[in-house]
Structure formats: structure tokens, C-alpha cells
């Protein structure tokens, strides 16, 4: 985790147009597990199989796709208080406020704010654990390497989001200086390569926990990404997606950035998902990798070495 | 092998525009091994590492890309004579004739003919063996699973060609009835699905040894395919191709037809290559798999479920 | 297939001590599919998912483990008659006779005989097909690469048997000279390496369809092997076996012989099974690979380079 | 990293009996890269390809195998000072002292101490970076996913050590309470399962950075482990080891503990090495996984479900 106590992306709340179709996608195809449902707010809460916390994905049925917010789990209530104060002090965010405990099931209070790129983010410290069903003699006792009965792609974790917005510098400053993230990779451009176009930020040993791309929009959602254990599981994911006639955006392929092996696809509402594996082990003392704009194609899709039409133009 | 005694695709002769660039591609990138060179005819002979015969790929430098011819190894000189007579008797082929032994290095006489789709084919029975360098105590004694010193993609075998031509029915009739190939898969179309659009033919337990696509052209070459041992090697191939800035056509992905896992790319002259792995074990009593034209996208590229622009329009 | 018309190992009949336990193993763990049951003879018939024929494994409940017989599918009734006559003429076999059509469900008449190593073998030409459940618009129409609902290890095919017996030379002579098999690999030993200790025989492009090891016994069964598509599936198999507390003999590892990637384990009656992937593409003109007795360890278990205690001593 | 600022295992210093044989092993077989040599102290410094720091492995030629010491990189000189004081204050360690900057090439001062299990450990904050040779337009600019010219197994990182000693409780207390490590997994035994037999400790998102096994010895070394990217690379490692006739201890297989996929082998001096891939993503709020002694076999070697003879008895 970051020295600030930020542990990981704890949840992403995604807007869907039709909950039934969404659940078919997120449960039967992607393989998430439903853990709670809130009919009043038209929300369903899900987790990936290898997560212990109660939920990591929140689907909300409404009339417009996109991301409601992304939440970050921190290591203690004290850290939560401290970081909330730091966010306020930074002056970088707007719409600061607290969400009461229980608004998410099994979850303590959350501190909410809007980052400079226009995305709503949250911090929280407490969430009940429901386990990963691997223990054979108790919840965490003598475990098997994977549980029985997984569905579809069987993604193991919610991993990160890629987000589009204009004030990239502001959001990067927030995550680096207030939350202590490292800049694992960046894309630079402009006449003298003086503009940061993309930032891949890590609060862990993963190659990224959140990424931002500079674009003349506010609060846009490019994709939510889920982890798989191997390149063969990426192939299996492609097979499952095709069998279900899920719209695939691109892949299987390798990313230049993070080295991950990936496939992009769309949920029935048009929100992009990714499942991926691989990538290096990141440490705060690892040099930032830099991509120049002329190598942007290889940076994103290492094999094709060019962007597909959708990458820059389709988001929710 | 087929009951007729046809063993396998024994060679493909490809025209290249610049031999130096071609060798960089076929040797350093694809990983074939040069075994002979004939400056007079501007030809270079190569083999893949796990083939025992002297060569399986012939490159010829000239001013137009494409395939000169494809050769089939048969199990004996008697079979060669018998099949040459059968080809003649069939009346399906034109330009029949014998090529003297030695015209290819280490190779006996070849019987050459043009099949109904306009492709030049050959039969031959004899070729010297140079081994696969796996033996540790002699050429085929106490072998290792793979030899040291392989380059680039390290394709293990020349596997098949996909060819475009108008008289699909004629070429299919020749391969099935004269050469004893099985029709592993077919694509059908037309108003009542009465037209065979594609035929995937096998003389072995491989899913295909040659394939034909109906197209209003004569003797055109879509790709020559080389075998890899695993999906991870397909990823590695993609990485090697990108590192060498080789033009990738599509992939990594899965084919619907044959189930193979694949990546397509172009040599510097514009000839398409494939490396692939996987696919089922074919037997003559296996039912022919049929794809309808409306599923052509999934048949070719199972994940995308649609053809890319190049598949039908780019060939040499 | 061999030029003689022998297609493949068509079935193996295995004796089990307890049918209920055996079915848990062969269906739930190995992933075979039950296609028929014959209470009178206490037999259950099964197939692997990617086989089209009605069955490939016959389990019979009795008081002693081991192999009842192994069956070979040939390409036509004419071939069956011809090969039956050839077996008789060879003088190599004993206990020749015909089994009436229908004694196996969906199966024509079988010619049965005992080979020199003491194993009962059969030839047959006709068996009904039940398909592999991949077609989406009909049995073999617009298929998916794999069907839904597979269980456990999900072995795709019955592949070969390894058998122990004294008169190795006799059985090798029969398979090579009467059935037209190629000798893909051999192990040789004795003071001057003049004794063949093991023979790996192929009637296909697979590295082996049956193998014999010389041992001072008669008609003994070392293992029946089933095919998997990848090394990752071998890992998955190991996980499934451990989860089910199935006794694993050795692996995952690589074989030196055939290069296959493998795991050995025991059914509840003590019969050894193998699941494996990989290996080269065999052709009749491929040189025989030879292993000397001092390299026997590496030949069998390439990583350990030594046999485990069970390999030579445990069979049924 | 841990909140204390401990980043990772920064080096392991291993004693070897013959430097020439050791380098053949660590460079040609394991694939490490030599970065410096100190003839006076008979030491050679090496790094794995995907590490950026100057070195992570130190070999010293002497007359007894084993581990000299293990070093931990921390995030800053201030952390180094703080943790050195904390170690002293803890009273858990003996033989505390500072090693001058430069005693290791390209390395700042190191704080050395002996932990309760008898192992010499070090903390350090500064080490020069030599990069991973992936940048195509500069050291960290427009990188490829892997560099050219890797040798043998091509291990990507030094990952962790497993150490044997009597006072397990003391070392666990030190790493948890002073260094802030999490207890990812434990093995418990004794009449009432009240004794911790093994502890797998993480200062990162890896499943472990160091592990201790209780044994009636002092300062003993079980293995140093190196990371690979995939299960296929574990197979490749097994092939490379066999080709070089390296003594393999066990594997390829899966560990129950950490879920990693692994192969164990010995360097020419009898020091055990591991290469592995996989395992889950660890977080400090992940519940500790517990194995009971009766499941120790499955905990260590998940497929065999039993220890081999060497695991508990062979160490250096």
C-alpha cells in the first residue's frame, strides 16, 4: 500500500441501463458474485471471487451509462480521517462530504469528493468480509487454490479504472501528493513532449491502480478492469465473450503500458470492461516509464502498434 | 496420412521482392533455418526447426510477391508415379509435367500441375533429412524436447496454405477424390446455402493441410501458416513481431474454423504469414463442420466475430 | 491413419472394483460423459467430450483391476475383414474370434485376438456417433470451440495405452508389419543395447497410439491416457485431482519420450490414468527416436531424470 | 510496501563452493546478469533482468554452502535510521552494527543484525540503478515488454527466501511488529494446534517476501526464490534444468501455501533455488490463511499432498 495508508481500489459504481441484462453480463459472463441488492436505489452489489470484502462493484440502474464513483479502501479509520483532511487542505477537489455508514451494505462511512478530472471518488476504511470460499476446513483454513462453481470468465479481482478528463495535472497531483501514489508510467506529447497525456498511478506493487487520460471531457469512464491469472484465461475470456455474443472492443493482445495481457469488451449498456493478466511488480523506487505520443499505438496495443477507432472516442 | 499416401505439405515456394529483407523476416523474426542457397535462380531454401527434411520453404527474389507453388510429400516413389497418373486421368489439372531431381537441393523428381483454382502444386517422394538438432548423443538419440539457439518466433513446422481462386469445386474435387483428403470444415453461402465458399482439407490428423476460399481470382495466395506449440508462444510471436515492427494483420485471436489460436502478419513483400497453435485432432470419420456465411466473421476470427478489412481483400 | 486403414484407439475396457467410485472418478474428476449402461454385464460406457463416437471407455465392475481389452477403429468393414485375415495369417496372435455387433452399444462386429504381450485387442469398423455438443445451430453447424458444462479435468479424448508384457518383439512386429504402425520412439538396453525395452507406436500423426514396455508379465496394463489441450490444463488437472484427493503418481512434468506434458494418477481401483498435452507431429518418414537404457529416467520423466518407484512396479 | 517503509528483499548473499560452477548455474541456467566482481572478497554481484537496482544476489566463494545474509531495501535513509533504532529498541536481535557504504558496490550503508532464528539480515536505503534494458529510445523510454538476449530460465526477480530456525516466534514478532509485515499464511501444529510451525510474511502485495519454518537449527537456508511470469515459463525452467543436468528437488507443481506454481532445484553447492509464478495479491487486511500440520503435505506440494524427503531434511 502507499505510505499514506491507501490500500486499493475498493469499489467502482457503474450505471447500467437495464439491470437484468447487466447482471447476465457481470454475473454469468464476467463471473462476479452478487452479495446484496437494494431495490430502493436500484442497486446491486457484487464481488469477484478472490476478494474477501463484501463487494467491489456496484451496479445502479438508470438511464445513462458511465461511472458514478470509484472508492478507495484505506487501512484504518484514522487514515480515513487524516486523508479526508488532507484532501480538503489540498484545495484540489470539490463537492467534499461524508456518506453515512451503511449507505453501502457492510460498509462504514465514506468520504466523497470530486477530483480535478471530474470523477467522483471516495475513501472508506471499513467493510465486512465474506471470504473467497477456498477454505476446506473453515473460511481461511486449509484452502484450495480456487473455489468450485465459478462462472464464465471468473474474474478474480476488481483491479483498476481508466478515466478520461481535462485536468490531468490536477488529478495526478492529488493522487501523487495527497494519496502517495507512484507514477508507474506516463504518456507525454505536445510540440516538445512537455504535456502529460496519460498517467498510470499505483498505490501498490501492481503496475497501476488508476489511470487518467487527458481529454476535453469531464468525469468520463473509459473502463473498469478485472484481474485474471494467466494469458490462457484471457483466451478463455475471449471464448466466453464470443459465445455470449458480447461486443469485444479489442484483444486478446498485450499492452505496451504495464505489459499486461488484455481483452477489452462492453457491457450491455456500453460501459467498457477489461480483463487482463500479467504486468510487472511495481515499487515506489522503480523509474517511471515514459511513452512518447508517436509511440502511443504501441503503448496501448503493443501488437497492433496503432489505436483502434474506439479507444479515444468511445467512453461513458 | 491419406490412404493415397500423401503425407503432408512438403514445401511452399514464395516470391519476395528483396531477399535480404525477406531473410531478416523468415530467419530472424519467424525463426526458420537456412539450409541452401541457389544464386543462379535467386532462391534460398529454409526449414523450420522441428522438421527433419532438408527444406520446407523456398524464397525466390523477383518483382512480384505471391506463391510460386506448393509441394506435397508422398510416402514413396511408387505413390508418386501412381498419383501423377491419377492427376492426369482426372482431367482436373493443367500444365502437367515433371521437374528433374536436384532442381530443389536434396530432392528427388517432382510432378507439377496446376489445380482448378489456378495454383501450381507439386508431388514429390524423396528429400534428404537434416534432422532437428534435438539428439544429445547422436542425431536422433536421447533427444531434448527442443534445440538450443532458436531465433525469434521459432516456428516449429510449415503447416498449411490458404489459397484463393474461382473454381473451388474443382480443387476440392481434386484433393478429395484424387488425393484422398477429408473435408474437415466448410463455409457455405448463397441464397440457399448451396455454394461452398471455403474448404478446409486434411490429409492427416491435423485440422487442415490446405484450404481454399472461393474468390474471383486465379492462383492467389492468402497465407502460409507455421506451427507453434502453445498459446503463450503465440503471445511471444506477437511480441517478437512488434519488436521488429513487422506489420501484424490480426491477432492474437482464436479461429472459429479449426479452433486454432493464431496471429497473422506480413512479410516485407506483403505475403501474409500465420503462426498458430491448437486445433482438434482430425480423423476421416469425423463429421465435416459447416459454417454458414452469416457466421463467417466468427468462423474466421472467433473473438471479433467479424472479418477485418484485409482478410478478403489483401492477398498476393 | 495408417495405410492399412487403422484409424485410432477406439476404446479401452477397464476393470474396476466398485462402479460407483469409478464413475465418480471417471465422470466427475476426469470429466468423461456416460453414454450407456449395461447392468447385466455390469458395464458403463463413456466418451470424452471431443470424441464423436458413442464411447471410448468401457468400465466393468469385477473383483480385479486391469484392462480387459483395447479396441482399434478401422476405416471400413472391408478393412476390418482384411485386417482380421492378416492377423490370422501372421500367426502372431492367439484366441482369435468375432464378437457380434451390438455387444457394445451402437457398435458393429469386432474382431478380437490376443497379441504376443498377452493383451486382448479388437478391431472394429462401425460405431454410432453422438457428437461433441459444439454446434450452435445443429450438431456440426457453426460450432463453438468447446461445449458448456464440462466437469473436472474435462479430458478431450482417449489417446493411447501403455502396456507391459514379455514378448515385446512379437507385439511390435504385429503392429508394425500387420497394422502398419510406425515406431516413433524406442528404448534400447542390454549389454550392447541390442534389446528393445520400450516401443512407442503410431498409426497417426500423434507421437504414439499405443506403447509397450518389456516386462516379465503377461497382459498387464500400465496406463490409459487422455488428451488435454494445454500445459495449463495439466496444472488444472493436478488441482482437480488434489481437490478430490485422487492419488497422484507423478507430475505435472514433461516426458522425454514424445515430449508430452503429463500427470499420472490412479483411479480408485488402482488403474493408472494419464492426462497429457503436447508432443510433436509424427509422420511415417520421421526417424525413430532412440533412448538408451542409461537415459531411461530422462526418457520417462524428463525433469526428474529418474524413474519413481512406481513406474516399473505398479501396474494392473 | 509496509507502512514502515520496508520495500522488498533487496539482496541475498549465498555461499558457494566453486565460483566458476556457481556462475555457470546462476548466469547460464538461472539467467541472472553479472554486474560486479570483487576478487578480494571472492564475491560476484548479480541481478535478475527485470530488477532496476545494481544487484540482488551476491555469491561468495568459500568452503561451506548456505546464506551469509539477506538484505531489505527501505524507502529512504530516514527510514533506515528509524528502523535501525527500532530493531535495537526491540531487543530481539543480536550482533547489531553498521556496514559502511561501498562495501557492496553502488550501495549505501547497511544496518546489519541477527534475527532470533539466527539469520543475518540487513537494511539499506540506497543502491544505484542499472535498469532492465527494455527501453528502446532511452533507459525507461518506450519500453519493450522484455529485453533481448536473456539466458536459460531468465528469472525476472529475486523474490523471497525460506529460512529454518528454532525461535520462529521471535523472528515473526520482529517482522510483524518492528518491520510491519503481514502474516499471509501460517502452518500450525502441536497437540492443540497451538504452535506456529511456519510463517509466510509479506511487506508488499506479494504472497510472501520471507518465510520461516520452525526447526531445531540456527540460521539455516532452505531456498532463495526467483520470479517467473507464467506456468509455461516454469515448464521451460524444468526443461532448461534437465538439459543442464541440474539436480531438481521437486516440481513443476503447485504450492498450497501462496498458490504459487513452482519448481525447486539445487545450485552446484547444494543451495536450493526456486523459480515460481502466480499466487494471489496480498493486502494487509486479507485474513491470514492457516494450514494445520495434518495438511502440511498439501500446503507445501499441493498436487502430491505429501512432502518429499528432502523438504525438511536438506538445507544449507
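Letters are used for the chains, namely A, B, C and D, taken in the order the chains are written, and counting of residues starts over at 1 for each.
The working rule: a residue touches a chain if its C-beta (ideal position, glycine included) is under 8 Å from a C-beta of that chain, and two chains touch if they have at least 3 such contacts.
Everything numeric here is computed off the predicted structure, so don't read it as measured data.
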item: Distance-maximising chain from chain C - centres being C-alpha averages; value: A
item: Between the pairs A-D and C-D, the one where more C-beta pairs touch; value: A-D
item: Averaged-CA centre spacing for the pair chain D and chain B, given as whole angstrom; value: 48
item: Distance between the centres, which are taken as Cα means, of chain D and chain A, whole angstrom; value: 31
item: Geometric centre distance via CA averages, chain D-chain C, whole Å; value: 43
item: Multi-chain contact residues (two or more partners), chain A; value: 145, 230-232, 239, 242, 254, 298, 302
item: Touch list for chain D against partner chain C, complex; value: 231-232, 235, 238-239, 241-242, 245, 248, 251-254, 261, 263, 298, 302-305
item: Residues of chain B defined as touching chain C within the complex; value: 1, 3, 5, 7-8, 50, 52, 73, 75, 129, 131, 135, 137-143, 145, 156-157, 204-206, 227, 229-231, 254, 256, 259, 278, 280-281, 283-292, 295, 298-299, 302
item: Touch list for chain D against partner chain B, complex; value: 144-146, 148, 230, 232, 239, 242-243
